[in-house]
């Protein structure tokens, strides 16, 4: 009953097998192999356009190098107050941009509120150098709390991005889960709506280490080869990343895995609705379910073998929890089984 | 006939299989799994002392974070003029130290000359802030040109390091090859001689991605957990690195692979001594062989399927090559076969 | 009628004259002159303790190098949401710390609320590397909105700093104004309360360029000579900064100038209390007065020759202004005259 | 008899007086005053073209921000092996560029040898990301050893810069001395020859703190306002820098002061040619004279009150000094008098 995070799972057998198959032979390192090139081409197909793709080691690297690519002195990037890059990356985005700031933007359900976004951007009047200058907007899809930006919500933010001439980045650590839930194509969820850069995560969805940074406009990534190498993020045996993506994309495995994870989350949420001892914190939309229970009960569940994290409640609304209640995060993955979910639900009661 | 580099090889079957075996199940991410802990303990055994170990994605990351751990403002690190960190890491060491400089030191056969080292360090008088301040010495073992520091040579440099209170770093991208050739234990080649930090490479010797940064004195690495995370080098599914090291160390596989690579290099060098059309540039001591031939002949070999790089000749001696001659680098690895070597030697003639 | 800022004023005649007197002769550069040493000694006397003093070119430099001196990877410094270093330094503090973050803390009247401070610090549990780590607390005295931390308020924050082992920094761009208003000695407002580092500003109070970074514990500044030089903040003719401080401190000129500025602010606030067309936003305590008026009236005043800035209202309380009202900032300085104040008050009406 | 450096002198009386005159009144800070604008216009006239001008606090700041403006990831700037930015700025250029490297280029008489320059640039093949990428060339005029690039020498380097599409920077800490000696106009020594950026120093030539960073193509400085502010180099009372330049330029004072310093150097060198106990190291061309003498004699001179520095001899030729000889640097300035020179020469004997 492990719901701690989708990165507690291992690797999907097909992906693990593909890694094994790739072990033999010789190939050009540093992204120059035939397989690397082939997967780059695959990304073009996925986004239905020529994109620039860079494999990196972690999602934090993808997010940080995305900002590094569009960095400006005194730059300020706008993201949701609970964004992973702001809360959980130990200052990596600031480090790789030599101090460009992340400005938190409020919004319910883990999503940037366009009105708040505008207000925050307007705190940086053009040419008022003391304040610094806006440089990017970043959204997370699926969000850190398991919700989704709907296409029109992305469009609304993209319009603001365009208005202020800011690149729009999407942290897609759970990109496939979002796609599967919204039943959109990759390009329909990004490029067609005005997203410029995607941190395309494979690790949480069944790879062991496969993260790609994707630029919709290759010109925006002109310096990225140097930025990535200088960031110590250029794998010598890069083809093993490519191999993972190869299996990941084959026959739509990635979407299948995401659909599975999402369906396990649905099962969880449906079950929780029936539980006496817990209630959903909000409507889950991808592969993360947040529920509220008494803290004693949460501890009891953990002692009985359920693995999950307690989560900081969002700053607003601030009345989500009653006394002695805790917010429980439950993450499902390709490796979650129906049996695990049912066992957990039974324990919750 | 691929002698381009040891990172053109794939992964050794035992290591690849171990990755496959690790695919199932759940485990704590970010280095907290039982396997991660177990491999950390394994490093303690290997270095016969409690060390601090950090897995990172690339050798460049290991070198750069080593310097970041001991960083000083205006810092200057001394390394050989042909050191990888100076020549081939796109400024990563400088980037991760916010601009600490790498000062090139001369020395024949790819090794720092202790006299030159002293002279260079003395260019930075204590408290003369304009020049900056010494902060580290780094040596590469095996060196970038396939030679080895003998224990007394390391000691001589370590003594200078101690005298100036500078940490001594070893770039061990080909650590196992050096060990195997010198028939020394890891601790006898490092800690016992005064080496403080090792970039412990596994990738070039049969892993697909396994690099560890090892501190002989854990206190020196106090901030490294934050430095690594901020550097976007903390793998979520870190146990897959651990798994590679697990297989790598099992039954001395790592040394066996290194011995194989070294023996293939011996075969190459012995063969080249018999060749009419090439001569050894210097005596190889690990798994890299450098030879000199007419550039037309090198091109012909490449057209016949031999894969290798031409190498910049060292700055001194500057009369190594005669007109129209080129310096050819031949790297062997765990994957090199006797047949490949023989076929190549035959072609050289 | 210039109330735009205290940095619109020039230099006090005594300070300007002292600069002129210093013009002749030769002296050791880079802070090594007899005069530099003498002024360093003067700072020891002022703080009644051996301190480490560094002259820098701007207040932003002082704040940024203060944080650089105590920098930690993934570091987070806590300051008030409206702090100058957060709002008006174009990311310099983040730049000089390679991306250490400034975390905004709420509090009324421009002052950090100790409860909020604790809450924010607790968002960074020890050893939870994803979030980063606390590294400093910074308060501004006098605050950006002309209020003052009382000694017990500083003590309350210092206690939190001690509890979490965080250095406490004071941005003293208007240090003298605070001293004069509180009628405290420099050491009673800082060292005795637990302040570790002071950005000691002279520029806004009658110097043309005299900023000092003062460390109460010289050991904390061990690397500062290198940090300052690397920051391009080491003046060759440093003695001209020293000369300004020499005149500044002579016969208590600095406190006299601050008292004058404060008294002009008192005059302003007393006058404004009588005005029909404006009301005080809050009680001024140093040399800045904030008042609220109809925006048409503010514009009319500007057209009539009054020079001042409109200010962003604090985020809380958010009902400070009524429709069409603006917040007007009025800053007095050593150069403000009673006539200017009276003329302005008359215009306000 | 102070020949230690031109930054041991104070400020010229006319400049000191101009500072005093500026002390009164109010003016817009941060470079927005009428006087700031007027001096910017003055720079346009001096360079006979619209340039972008930025006042900064030190020569190190000017050099560092010049490189920051044209920074590239993995960037490498080429400068002479004895360049101030490489030898005497404590890593500031690397710090402000987040680790871009300075590559030393050899050349006799303190000047980059164009052939060596080409060789060094060619060590960075296009798109070979491991090595990094060229980003700038920097020359110092007058050089650190008191010699001068002749116009055709600058042209030769500018041609290489153009060929490799690299901006050409000139460190003009002693710009006026070079101009005066070569009898060239500012534009004839820079823009017309292909120099793109000038660190325009006033401090060493009679100001107390007046350094300007000048871009021949304003578009190259597009981000500089933010870069400068983020670097904590934007003076609030910037008009006092402007005031110094105002007096500096008035009636050609700057060139007059430089001519005086140069003529004192001529007097020194002519005198030294007659001395038994010293010989010129090379032909001085601006306001620095280097001579060679027995180290005992140098010490004796210092004991008799002569103030000067011993200098590291250039790395080549390496036979400049005989046993027990030292290289003595003598710098003249606007404040050097004929009497001082004559007294010194007499002592040398």
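Just so it is clear, A, B, C and D label the chains in written order, and each chain counts residues from 1 on its own.
Simple rule for what comes next: a contact is a pair of C-beta atoms (placed from the backbone, for glycine too) under 8 Å apart; a residue touches a chain by one contact, two chains touch by 3 or more.
Computed from a predicted model, the values in this text were never measured in an experiment.
> List every chain that touches both chain B and chain C.
A, D
> Name whichever of A-B and A-C has more C-beta pairs touching across its two chains.
A-B
> Looking at C-alpha means, what's the farthest chain from chain B?
Centroid comparison gives C as the farthest chain from chain B.
> Measuring from the mean C-alpha position of chain A to the mean C-alpha position of chain C, what distance in angstrom results?
That gives a centre separation of 41 Å.
> What whole-number Å value describes the gap between the mean CA coordinates of chain A and chain D?
For chain A versus chain D, the centre distance works out to 50 Å.
> Quick one: chain A and chain B, Cα centre-to-centre, how many Å?
The separation of the two C-alpha centroids amounts to 34 Å.
> For chain C, which residues are shared contacts with two or more other chains?
73-74, 89-91, 95-96, 98-99, 129-130, 132, 226, 229-230, 234
> Mapping chain-to-chain touches, which pattern fits: line, ring, star, complete or other?
Per interface graph, the chains form a complete graph.
> Which of the residues in chain B come into contact with chain D in the complex?
Going through chain B, the ones touching chain D are 73-76, 87-91, 93-102, 123, 129-132, 312.
> Chain D touches which residues of chain A in the complex?
Spelled out, the residues of chain A in touch with chain D are 30, 68, 72-74, 98-99, 127, 129-130, 132-133, 223, 225-227, 229-230, 234.
> In their shared complex, at which residues does chain A touch chain B?
Result: residues 2, 4-5, 7-13, 15-17, 19-20, 22-29, 56-61, 64-65, 89-92, 95-96, 203-204, 208-209, 226, 229-237, 240, 307, 335 of chain A touch chain B.
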